[in-house]
Structure formats: C-alpha cells, structure tokens
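Structure, as structure tokens:
In this document, chain identifiers A, B, C and D correspond to the written order of the chains, with residue numbering beginning at 1 in each.
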Amino acid sequence: MNFDDYIFHMPLKVRDYELDAEGIVNNANYLHYMEYTRHEFCEQAGVSFKAMLDEGIVPVVRKIEIEYLSSLRSTDVAESCIRYERKGAKFIFYQDIFRGDELIARGIVTIVSIENGRLSRGERLAEYFKDYER
Amino acid sequence: MNFDDYIFHMPLKVRDYELDAEGIVNNANYLHYMEYTRHEFCEQAGVSFKAMLDEGIVPVVRKIEIEYLSSLRSTDVAESCIRYERKGAKFIFYQDIFRGDELIARGIVTIVSIENGRLSRGERLAEYFKDYER
Amino acid sequence: MNFDDYIFHMPLKVRDYELDAEGIVNNANYLHYMEYTRHEFCEQAGVSFKAMLDEGIVPVVRKIEIEYLSSLRSTDVAESCIRYERKGAKFIFYQDIFRGDELIARGIVTIVSIENGRLSRGERLAEYFKDYER
Amino acid sequence: MNFDDYIFHMPLKVRDYELDAEGIVNNANYLHYMEYTRHEFCEQAGVSFKAMLDEGIVPVVRKIEIEYLSSLRSTDVAESCIRYERKGAKFIFYQDIFRGDELIARGIVTIVSIENGRLSRGERLAEYFKDYER
C-alpha cells in the first residue's frame, strides 16, 4: 500500500483495553485514533495542540462522519492517514484507517477555530497548515 | 423541554474523567454516551445487548454522523434521546443530546445486524424493536 | 446489604463500552468509578471538583491500592461506597464497590491538596469534608 | 537513563485525549499504560494476550498498587518499564514509568492465572515468562 497521497500517516497499534466484549475496537476509540493522528500531524506541521491553546487558538470539532467498513482486533497495527482541505472557515480532515491494504474506517472531520475567544475564519490556524493544503 | 417525541430518553451526568484539557467532554465520549443510551433502550425493549450476543445477534455500527453544536462541561446533566427507524437492512438511530432546552449534539447512527454469523436483513433484531418503529 | 456505615454511596451501572474482550469491566475503569464517586461525594459535601479548582484547591491523587476480588459484567449495577479519613496532609478514601452483598473491589486512595500553587497541609480541602470525618 | 535493569521497556507518547481538565494524564490511564506495556512484553516473550486467551489461559489482575510521583502532560514521551517476579501462584510486575530520568509513577501489579477454567498455580503462564524471571 502506498500512502504518499496523504499529507501525513502513522502506524497505530491496537491496545487491548480498546477492545470491547465483541473482541473488536470499540467504535468510539476510532475518534481517539483520529484525534491523536491530527495532533501528531500538527506537531509535524510545527505546532503542538497545547502550543495552539497557549496561543489562544482553540480548534473545535464541529462534525464527524465516520464509516466503519471492517473492524480492528487485538495485535492489529493500523495505518492512520490524513488529507486536509480548507473550505472557508472550515478545516476538513479526511482520515482513513487501514490494516495493510484494507480500508477499515473512513472519517471526515470538520474543525472550526476559536481564535481570541470567538469563532473565527480560521486565519491563524490556516497559517500553520498552509504547506499541506491541496 | 418535552422529550415525549422520542421513544426513549435518559439523563446522563458528565463525569470529570470524560473532560479533556479544554475542560469540555471529549468528542469521542459522545459516542460512548450514545452507545450506552442505545443499550439502555434495548433493555427497556426487553433485551440486553449481552442477551443479543448470546442469541447470535450482533448489532454492528456501520456509520455515525455527529454534529457538535455546543459542549458539555463539568457537573452538566444531559438528556440523551433516541428515535428509531428501519430502512431495509439498516437500523437508524437518531440520537439527540440536550442540556436543558439546548441541543448539544445530534447523531445519526446506522446499525446492521450480523445474525447467525452473517450479515442479515435484520429480521431478528427488528423483532425486538417493532413496538418502537415510527 | 446495609451501606449506612459509609459516608456516601451511589449506584453505578456498568456500561458496555467499559468491558474488555474478556467480557468484564477493564481494571482501569474501576479508577474511573472511584474518581466519579469521590467527585459526587464532593458535590454532596457542597462543592464540585470544578469549584475547587476555581478556588485554587487542586486535589491530586498520590497513591492508589486496589484489590479486585471479583469482576463486574454487562448489566451489573454496582454500589460504590466511600469512607474518609484525614491523616496529616493526606486525605484517605476507602472505596468499596459491591454487587449486591458481594464485595467486588476495594480501593484505598490517598489524596494530597495543592493549595495556592503549592503542596499544602490540606487545611482548605479539609474544611469541605469536616462533617464527614470519622 | 539506563533501562537495562528492566526485562522490557518501551516508549509511550501521551495522547491528548488522555488528559483531564487539569491538563495532566488522568490517573486511570496509567493502568492502561501498564496493561498495554505488559501485553507488549508478552508479545516479545512470544505470546500475545489474545493467544493466551485462545489457549485457555486467562491472566487476571488481582491487585494494583500505584504511586503517582509526578504527572505526565501533553507531548510528553514516557518510558514504560517492567520487572517481573513469580511468588507462588502470583505473578508480580513492577512497572515504572519515567519521563527522561524522572520517575513519574511506580506500580506493582499482581496477576493470577485462570487456567482451564479455574484458578491455577500459574504453571502454564509461568512457562511463557521463564526466561525473564529474576
């Protein structure tokens, strides 16, 4: 599998406490995986989530659409991948999670940016990501 | 606020370990709230989730769309509400989370049913919910 | 079972997302149960955890000893019980979790209090709990 | 820092969803870290936790003692370290979590082994770990 089409990707090993009684990763944990991947991407882009908060930039999740095509299980190592697009005040992250060549889950996460205490057009947040826009 | 339009609703008090560093309930925990509410609804409908699994009926989340309109915070007591609709093999749960009159989050959760080891039309799962269909 | 010997107790229903692949509540979730119970106790004592933080009182967990005597499972409703003792700067919570008459887990949680930005003797925190000391 | 004195150690990066409203990793998540580290150790020892369950060997946590000496925060990378000792039917894991040279948390986790459906002396579980005993 070639992940070069994404702006960022990272391996994520399933941890057994993330499984539920069916022996599969619980649906909510995919949002954890996706949040963690976004924050790691931010660090690669030069700014940690914490540094953003310290700067008065508060990214807020407005909407998530996620499809579960298959399930992750114990000992699986997934690859968590991101694409990014800005649409006006919205920052849209396309987040795909693979196991080998198999697409396991596909999320679309819409973020808006509270800047200086109010909903913004996202100018300051966009600055961090400008090299990654497609 | 009148919740009679829903087939099931229950209070959910925020627990402080569900907050993140921004002091708001982390986005993934809303999926926990919604799953818990569905399972409580199932019990009211006469069957626990565990009993379903024991019967060879495995409801699987296929898709979730969730909008975050506001945030839950420490000490908040939310009301978690469900409507239900069957569309062919899909069981669609409309799940709204309120704080008082304010809609905080709105989810649409699509479930399919693995029955006797294979993806089914959901006949057996539908049987449990037939009094709640709209 | 008579829980009058405790200063506070509350029911806690198991949520299925708290189970792991063995079908029992994961060991870490007992610390969540215990923290939530302490915070509910604080509210009964007249102050929420959040209100404490706003006052510059930051209770910090220093030590936890927990014994797991049995396991909680799907649909179980546990009773989470607290006793409290102050030993110098340490606030010690004896936390027992029952299912019916059966003791499931027993924790001893040692808290210290950061007050005005430094480790304190806990005078201000103790003030809240003074009616509950044994 | 030299971790050679441990039988197994691995890095663990803090994920922001593990923080609570105080901006530090919530106390329960340390048990997650420690469980994950034990399971990774098991894989290094040649058997995954899942494989154990499939073999009818069910390790069960009986007791945990954990001291919190400091706190992990956003962007921290901890080193999670294990020593192991067998005392009769008890498997005792000494689990230390460092940030650089600083010991952050110290746990002692006591495990017993359910083998073939009943509490055992742990002969089969011990077999897996025999090269790591000190």
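Rule of thumb we're sticking to: a contact is a pair of C-beta atoms (placed from the backbone, for glycine too) under 8 Å apart; a residue touches a chain by one contact, two chains touch by 3 or more.
The shown structure was predicted, so the numbers you read here are calculated from the model rather than taken from an experiment.
Student: By CA centroid distance, what chain is farthest from chain D?
Tutor: Checked the centroid distances; the maximum from chain D is B.
Student: Counting C-beta pairs in contact, which comes out ahead: A-D or A-C?
Tutor: A-D
Student: Would you mind pulling out the distance in Å between where the CA atoms of chain A average out and where those of chain D do?
Tutor: About 28 Å, centre to centre.
Student: Measuring from the mean C-alpha position of chain A to the mean C-alpha position of chain C, what distance in angstrom results?
Tutor: So the centre of chain A lies 34 Å away from the centre of chain C.
Student: Which chain A residues reach two or more other chains?
Tutor: If we look for residues of chain A contacting two or more partner chains, we find 16-17, 21, 26, 28, 32, 35, 50, 74.
Student: Write out the stretch or stretches of chain C touching chain D in their complex.
Tutor: Result: residues 21-22, 26-29, 31-32, 35, 50, 53, 58, 60-68, 71 of chain C touch chain D.
Student: Could you please specify the touching residues of chain C with respect to chain B in the complex?
Tutor: Chain C residues touching chain B: 15-17, 32, 35-36, 39, 43, 48-50, 73-75.
Student: Which residues of chain A touch chain C in the complex?
Tutor: 16-17, 19-21, 23, 26, 28, 74
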